[in-house]
Amino acid sequence: MSEVLIKIDNILKKYDDNVVLDGLSLDIHEGEVVVVVGPSGCGKSTLLRCINALEPIQGGMITFRGEKIDGRSKTITALRQKIGMVFQSYELFPHKTILDNIILAPMKVQKRSRADARKEAEELLDRVGLLDKKDSFPRQLSGGQKQRVAIVRALCMHPDVLLFDEVTAALDPEMVREVLDVILSLAKQWKTMVIVTHEMSFARAVADRIIFIDQGKIVEEGTPSEFFDHPKTERAQAFLQTFTFDKVEKEA
Amino acid sequence: MTSLGLDVLFKGINMQRLLAGLWVSLRISLIAIAISIFLGLVVGWLMTRKNIVIKAITRVYLEIVRIMPQMVLLFIVFFGTTRLFGWNIDAEVSSVIVFSFWGVAEMSDLVRSSLISIPKHQYESAYALGMSEVQTYLSVIIPQTFRRLVPLAINLITRMIKTTSLVMMIGVVEVLKVGQQIIEANRKSSPNAAFGVYLTVFILYFIVCWPISMFSKKLEKKWS
Amino acid sequence: MNWEVIQSYLPLYEKAALLTLKIGWLGIAFSIILGFVCAIIRHYKIPVLHRIVGIYIELFRNTPLLIQLFFLYFGLPKIGIAIDAEFCGVLGLALLGGAYMAESFRSGLESIEPIQTESALSLGMSRTQTIWHVILPQAISSSVPAFVANIVFLLKETSVFSAISLMDLMFTAKDLIGLYSKTIECLAMLVIFYLIILLPVSIVGSIVEKKLRFAGFGE
């Protein structure tokens, strides 16, 4: 198996007395696509936020290529450049055009020239079919378009891993596909990704490994076919049940 | 020896005189506030009607109040009316007129904006439940409007209290004027009285206004 | 209305209006700087300073400018701090305005969702870069309407400067009424001069507000 990129070692995360992640451990390997599923409030989004040091943890350790991830350390900005993140609510910067949204961090953080950043941004926008929107403002775009821009913005920093936090949850159903297609094409290029999603058929298609979290712990993990076709634990079975419907039997 | 000039406040009935002066300005503001709230509710509700004439008149009225300093309005009413119509309006009455004129405008604008801030589907969903127009107003719209309006209206009250300090400029003997008189009378015995007296007036206003604005902030937080 | 009277008073009013404008705009400029700094201190809860600024804001928002000026101009010299009337006017307006601007700007800062900061951080931007490139531009544009309202309010407040014997518009009007009792002319000129000062601000303000408002990007 390839090298471990992110090592999550027995982490504890709580808000006051409310334990959200309870001694959770997980290794993410280079080139791997890990999909995290679980009921709402199980801690899966919090896990992503901890990996990017947007939340402090109260115990355990997360390392990236052996380097500790800590929101207060001096090197955190360098680490975060290696870890791209895409949010449910897109979080484009509303006061900047699409192009400026994408090249802001490459220019300010990586000190790349405007021309260089711009060239790459345009190539990436073209790949997701949004080159004609480069001078628009975020509010002129649909949700699906905004989310594709947000992915491009993260990609333009050349991250080693991408974190997707329920990126289609705020979208209208007909826009979900266009965003998922972008992520699928990234998977084909061996990008390392950690994806939190509720789209089960997408999870099955994109994942190398499925992680099922409930109540802050990993309850089950396995390949997509193991997890979806033969879930071992009762909790996973119950969770998967919620996505299927039985035919209504009308009362006589 | 340098003194802070606080001693004059404890001489004779000076403190009582200051407080009586404060009451004069508070009385003016309270009367104006009562008038403003009452008329403001009526005018504000009128402004949400679709009558063009009412809209035009209230618009001009609001713009005048928004642009003209209250001091200018005070001068116009106090000096101008005597000259133009030969009325001799007492300074306190002029103040009540001006602050009401101003307060009604501000209050009605708050009422109007609170009323129109209730989204249309709040009305629609009430109607969809089979409620009548009166029922909709009483149990859906007015309670929501009230929660938006009250903190803003309380805020207006503190602004009106603060602005009443201007009445001293047209000769009403209120707290600042009394303060001046006290300083003047004690010029020899306590030459530093200006510091102590004006500081006291400053603090008195703060004591009056601060609790009210805290209350309004609290309500706003609680109801938002 | 006596036009000759108006003509003969005109230079006095012009001079007074210039003084009002000078002190008003200087005070406003400083109040914006002060308010900006105070808002950042409050929003980012900078230790110690955050408490002091909080007290300052409450004190100056809950007392009238007239009383503040009296204290600064007549009170402070008694403990050895004498300042001239013009400086006092600028200072008073800046202190009053600073407290209002700070609150407006702070609510602009608060209107920006924390996740905007997080998304900037996740791109590897530092705290300062995030504040500078992402938070401030949005906060400023969303506080523009409140800023404009504050500016109009502060310009109106300049009308109390006559109390500390600054020869502004109110002072001139009152003086001339007392001397020659041409009340109507004096009052009419007073109104017109205030209109000249305030109307453009109010009009430009509402245009800028529409253009710059954060929600308006890309319209």
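Observations on the structure shown:
In this document, chain identifiers A, B and C correspond to the written order of the chains, with residue numbering beginning at 1 in each.
Basically, a residue touches a chain if its C-beta (ideal position, glycine included) is under 8 Å from a C-beta of that chain, and two chains touch if they have at least 3 such contacts.
What you are looking at is a predicted structure, and each value in this text was computed from that prediction instead of being measured.
Located most centrally within the structure is C, per distance between chain CA means and the overall CA mean.
Distance between Cα centroids is largest for the pairing of chain C with A. Rounded to a whole number, the gap between the C-alpha centres of chain B and chain C is 20 angstrom. A separation of 54 Å divides the Cα centre of chain A from that of chain B. Mean C-alpha position of chain A lies 46 Å from that of chain C.
Of all residues in chain B, none touches 2 or more other chains.
Residue ranges on chain C touching chain B, taken from their complex, read 58-59, 61-64, 66-68, 70-71, 74-80, 152, 156-160, 162-163, 170, 173-174, 177, 181, 183-184, 187, 190-191, 194-195, 198-199, 202. The touching residues of chain A, counted against chain C in their complex, run 49, 52, 54, 77-78, 80-81, 83-85, 87, 89, 91, 93-95, 97, 104-105, 108-110, 136-140, 153-154, 157.
Of all the residues in chain B, the ones that touch chain C in their complex are 2, 4-5, 66-72, 75-76, 79-80, 82-84, 158, 162-163, 165-166, 168-169, 176, 179, 183, 191-199, 201-202, 205-206, 209-210, 213. Chain C makes touch with chain A in their complex at residues 115-116, 118-126, 129, 133-134, 137-138, 141, 214-215, 217-219.
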